[in-house]
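Presented sequentially are two complexes of subunit A, the first with subunit B as partner and the second with subunit C.
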Partner chain A sequence: MLEARLEQAALLKKVVDAIKDLVQDCNFDCNDTGIALQAMDNSHVALVSMMLKAEAFSPFRCDRNISLGVNLTSLTKVLRAAQNEDILTVKAEDGPDVLNLVFESSANDRISEYDLKLMDIDQEHLGIPDTEYAATIAMPSVEFRRIVADLTAMSESVNIEASKDGVKFSSNGDIGNGSVTLRSHTDLDKPELNVDIELTEPVSLTFSLKYLGNFCKAAALSTQVKICLSNEVPLLVEYTLAGSSYLRFYLAPKIGDDE
Partner chain B sequence: MARTRSTKAAPAPKKASTDSKSASSKFALAPQSENPSKLFILPSKAASDARIVTLPNPRHSRPARYLVCPETGIYEFTKVAAPKTTPRSWLIETTPASTGADTEKDDTQLKAETSTGQELYLATAIDPLFLSLPALAEIKTSKGSGEQKRMFLTSDDHFEKLPEESSHLSEILRCPKTRALIEARMGAICDTVEAGDETMFRLNEKTLVGVILDKAKKMSKGGFPLSMDEKFVKKALEAPILVQKREMKGGELVTGPPDTDSQVSTPQIESTESQSTVASTETTASSVSQPSTAATSFSEGQVTTDSIVSAMEASPEIVQLQRLRVAFNFICSNYVAPTLAAQLQELLATSSTDFSPLDEYHSKLSKLRADAVTSRSTGDYSRKHDRDEEEDEARAEKKRKLEEEKKKKASESRGVRELKKVNTKGMKKMSDFFKKK
Partner chain C sequence: MSFRITTWNVNGIRNPFGYQPWREKRSFGAMFDILEADIVIMQETKIQRKDLQDDMVLVPGWDVFFSLPKHKKGYSGVAIYTRNATCTPIRAEEGVTGVLPSPKSTIKFRDLPREQQIGGYPRPGQLDSAVDEATLDSEGRCVILEFPAFVLFGVYSPANRDESRDEFRLGFLQALDVRIRNLVAEGKQVVLTGDLNIIRSDIDSTNVAEMLQKEGVSTADWMSTPARRLFNQLIFEGTVEGSRDEGREDPVLWDLCRCFHPEREGMNTCWDTKRNTRPANNGSRIDYVLCSDGIKDWFTSANIQEGLMGSDHCPVFATLSDKPMVKDNGHALMELLNPPGMFHGDQRLRDWGPKDLLHLSARLIPEFDRRQSIRDMFTKKASPSLSQQDSTSTDRAETPPGSNFSTHPQPIAKRPADTAEQAPKRTLKRSKASSSSVDAKNKVASGQRTLQGFFKPKASAPQPENPYVQATGRITPPPTTKTSLGTSNGLSKQPQPLPQPSETLSEAPFSTQDDASERVFDPIEAKESWSKLLSKRVAPRCEHHEPCISLTTKKPGVNCGRSFYICPRPLGPSGEKEKGSEWRCGTFIWSSDWNGSSSSGMKDRDGVTVQSFGAVTGMFSVVGSIESKCQKKKQIVISHAVPIFSHPRPP
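After this line comes the complex of A and B, so read on.
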């Protein structure tokens, strides 16, 4: 049986919000280390991997490995009933039919309880190896979201070029072209605004802006985002959550046709 | 032939006495009789010693009932019955007065009963030659060879060949009058040779065809029953109807319907005559056309007034020939064994009556009909209804799928839907980078 209590419902709300536009149905795999999720979009060019470690919950109890097949649109509907500050408890039996969600408002003793029907989802799990990336860029998640939004106006894809000068996001579209270049920047007062570029070799890759825009919905989860690039390897966009929990997005680069 | 109402006057030997005389109570229903009364209409001229006998049917050689009267000949029974879907019954009332002549030995003054058997048996005269025909033609049918094999035989030898099973032929032949009658009719279709005091018979097909043809002529002259005429003569000769005007060609095809011809054409002549007298300024060409046959002018009149015309119409001669042929076929199909009938059909072609105009007409007609069918098939919408049903099914299927899709869409976020439209060209699948666990 699973019983996990989140101090703030906002975390789950935001995670699901960030994933629901990429994935329709997915399995929440629960074991004693926490709740994990891995899913691909319909085209299988992007992958989302989430890990909510047991420490994120207080308390967390999971006796057996449980797979919770959930339709994310339905889960979103249920979570909409929860306030950000509500205490959220998810419960499920072993071999469950439903996922039980309880929202407790600490301000007024309001308790709402929902049962979400589960479904059987046949999903393949991919083994993602630990990769040494050629370029790793840490930047404010809001900055990344802004760059993606701005360049989406120009084109459907963006070229990310990391060199010793900095990282350049450039797009070439029908109405013209545009680019944003970031250099390493350290703000001592506000470390969340730091831009940190680690480079072992220059990289230049092209990605779909639509997908990146989708990833950026997770910006609410974390002030910083880590972008990892290597040639011929999917881009990794990682949002660090409380503790060592994370939400990672992988996206296959566009190869061959530049516009 | 007066209508006589009688139960079986003299039951055939094999038949059990039919009239079970149940003294019926006024109130209780009498038990159902095992042999319910049957209704016959017998010729009044038939003598009292007429008998109902069983003889082999000339067509299929199975036993059938015949009324044999030594004075007036042999009668066959025609069953008149309504279809089973419209059940009827007879109320039979026998009064001493009406049954006085019959063998009814009644002790009740008045007897009435109902019969659920709705059949009415009508005795009609049959030419005895048909009864002897299977015997006369027997050799040919069995050995299937030429005329020379057929031998002159005495009538007795011929009769022996008839199936004897449940046949009363030998009994009725004992009556000299009946025997003479049959032999006389046999003579009409056979070559005969006198051998001593006996007459030897051998079937002559040509004479037989002649005799049947004479019967057919008689039959067709008297006119067919309306339903028969409609089905076998009018329908068979009817040409497909053409909507557009069609130029008439060939004098014999231009005639109007044969039965109305004489009546309609007469006023037509009068009208043309009156026309010519009134309109004296008409051109010579039109006055030349006036003496044309009444039939032609009639058909012309029809063409101009009607845009819907038959492609061709049969002349009275052709109708007459058709009637004759139908009559001949009718007789053959009723009284002559199939194998012999086929032979007779062949012989008919070489007979004195020339059917070639009719054959010509039929070949033309079949061509016209084929043409009409092909021209119609292009504009044939009769199958449209079927297709409609299929379409309905397809539409329902489509609707169902659409609803399913809608449901699926509801479970899918806007973002997911929009990602489907994203151009993923040049992007490899995740499984190309990461191996399955």
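After this line comes the complex of A and C, so read on.
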């Protein structure tokens, strides 16, 4: 039996919005620590990893481990019926056929209830090793989104180069080339505008902008985004949610042109 | 094992997947294996570059070259797939004229350094078309691959649709003709494949003679239509009326299917889907595999595959011998179809590698290029560096190491490869889809009440004890009731207005409201009338005694928009309706002339001629006007009209 109550439906709405273009069907794995999701996109280039800790809900109850196979397009349709401020409760039996969602609006005593049919999804789980990254960049999520959008106009891919001078995003395309460089920056009044670069060694990697653009849909979830890079390791783009919940995206770099 | 070249106008690159046997696996690799082909040329891919998917570009073991339209979207388009295990092109070009820029540069193919050119580009003065070269090559109609042995053209020639396109069509064909002749003159061998949209001669289409007779065109004139004349001058043994054109003195290509089947009639490759002419094989041969004279003897067979469904065309193929003769010496075909150094005789010296990819290969489109699998990165990374947290997916399921993804309800089966993963996922999806569609149907059936339901008798109607005639004799409804009936706005409330008057009139103290209302209307009869009115119209039977199909006139004119009934069978080989055969018969009935089943039964049962008909016609005309608005949904016909509320005549 799973029963989890979210004070604001907005959180789940935004999370699903951020990943639905990357993944069509996926399992929500529920246990007493919270609700987790891990899924690769069809072409196995990107991976989404979400963790909503039990603390994010009040109350949270999950007696047994359950896996909820959900079609995200369908879930989006149901969540569209919820207002951002609604109280959202998700419920499921053990060995469930449906996921029950209840939206309560405290303002006008409106209660809506939906059952979403579940699917059996045979999904591959990857063990994601803890990694010491060569470069970790924290920046405003809106800034990252802007850089990705601007460079998408130039090319299909972006080179991210982190060095002691800062981090440089550069694209080389048919119509020309462009780059954006960020340096560490601390804003005492508005810490959400900080740019923080931690570097153990310089790295330079190339990524598909299409995928980064997909990741940036999560900008609504968090004011800051953390980007972690190392050679020979997928890029990590992390949005921290309330508590220690998170939404992480991993992206395989493009193979270098050295051949 | 012979080497096979297959050309197929697929009419939408995913279109075949809707048909057997392709729908089983729904993958291009599986399709090519069933075709047993080594080179597959597809026409009418009807896809935009942005819609190219992994499964059509990254086909394991295959390389692919696209030519897609520059402006018109979801139209035309040619693709050539090559099996890496058996052949590797050494040059690739898009377009017939060489005027398009080569990939990732602004240099035209024809301006590339000589060693990178395929050659044979039209020289100034060779093309006299009003359509310029860039336009000719802008519609995604030609991919050219060069192998050491020959130059392969994959072409989708413009169709002969209307006069506005004639100039483009002839311009394109002329450019193709010139290019091929130039290449042959340079000493290269050529294979031309594709949907050329030209019927070679009267044996290559059904009922040419009748058609010409009907239109009053002589065979000679038909053979001399510009495209057909050009084509017949290009091929050996072509029929050319009068003297040959300048520059086209010699034929250069062999029509391979015709070479192997010189007398065969009905070797059609394309049929009219709308008229469903494929069952009777009433079609045309417009898809070809042609080759130049020097390599004609290399081919061991050529044929059409009319039994393979999936498009309005069928695949056409030719096979090459393993040991073709080149200048009286037997050579291994593999040597001739791969870059020098890859094969020696039949022995492979080195494997196909990414550096054998040509610039035009779709695998090098940025979106697909230099791609790495994240799964490989994680699994590769995991084993050497972090041994205590060994994280292959099978291990994870059994030993939760306390990370966030640690607990899974059931062990997750590790699957070996992408292909294996696709299959079960799809079956799940399908089962889900089918169940939901069933649900949807049920919902409609159960949730949506039908109008008929309102007229169902509440209890079993006491029909025998309370005969209708008797009831009519007893009660005379007051005029107020009549008016309420006559106006059509109270349809669904029918039973209500009547009880009150009947109650007042009824002498029997025990007669309930229900009873009384039934005396006035027979609910079963009303229901029958309604169902007759609302149910699907019974189609007339054709000469084969099969229910006709209903079609609507599309031809502009007085009858445009009128629907009619014809025989449901496909047209016979004559292309015309036939009398007394198994094919479509001559049955033709205008929908408006068809009365459906007659309503005589009703009258007989009542034993009363229908008087109230006139009173109700007002209502019918309303129904009629609604009907005319939603014609297609339901065929409600006024001529069915039987009295719905056959309330009694005053005695």
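Throughout what follows, the second predicted complex is superposed on the first by the 256 of 259 C-alpha atoms of A that agree within 3 Å, B and C clash if a C-alpha of one lies under 4 Å from a C-alpha of the other, contacts with A are read in each partner's own complex, and residues count from 1 in each chain.
Here is the rule we use: a residue touches a chain if its C-beta (ideal position, glycine included) is under 8 Å from a C-beta of that chain, and two chains touch if they have at least 3 such contacts.
The structure displayed is predicted, hence computed values, not measured ones.
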Fit-or-clash call for subunit B and subunit C when the two complexes are aligned on subunit A: clash
Subunit B versus subunit C as contact partner of A:Asn31, first or second or both or neither: second
Dominant toucher of subunit A (residue count), subunit B or subunit C: C
Touching partner for A:Ser58 - first (subunit B), second (subunit C), both, neither: neither
Partner chain in contact with A:Asn231 - subunit B first, subunit C second, else both or neither: neither
Subunit B versus subunit C as contact partner of A:Leu72, first or second or both or neither: first
Partner chain in contact with A:Lys210 - subunit B first, subunit C second, else both or neither: both
Which of subunit B and subunit C A:Asp21 touches, first, second, both or neither: first
First, second, both or neither for A:Asn84, with subunit B first and subunit C second: neither
Contacts of A:Gly127 with subunit B and subunit C, given as first, second, both or neither: both
Part of subunit C, among the options 236-244, 362-370 or 506-514, whose backbone runs into subunit B after overlay: 362-370
Touching both subunit B and subunit C, residues of subunit A: 25, 40, 42-47, 71, 124-129, 156, 208, 210, 233-234, 250-257
Contacting residues of subunit B [partner subunit A, same complex]: 410-416, 418-420, 422-437
Of subunit C, residues touching subunit A in the complex: 54, 104, 354-355, 366-367, 369-375, 377-379, 381-382, 385-386, 389-393, 395-397, 403-405, 407-410, 412-415, 418, 421, 424-425, 428-429, 432, 436
Complex interface listing, subunit A residues touching subunit B: 20-25, 40-47, 71-74, 76, 124-129, 156, 208, 210-211, 214, 217, 233-234, 250-257
Contact set on subunit A toward subunit C in their complex: 25, 29, 31, 33-34, 36, 38, 40, 42-47, 49, 51, 64-67, 71, 117, 119-131, 155-157, 174, 206, 208, 210, 232-234, 250-257, 259
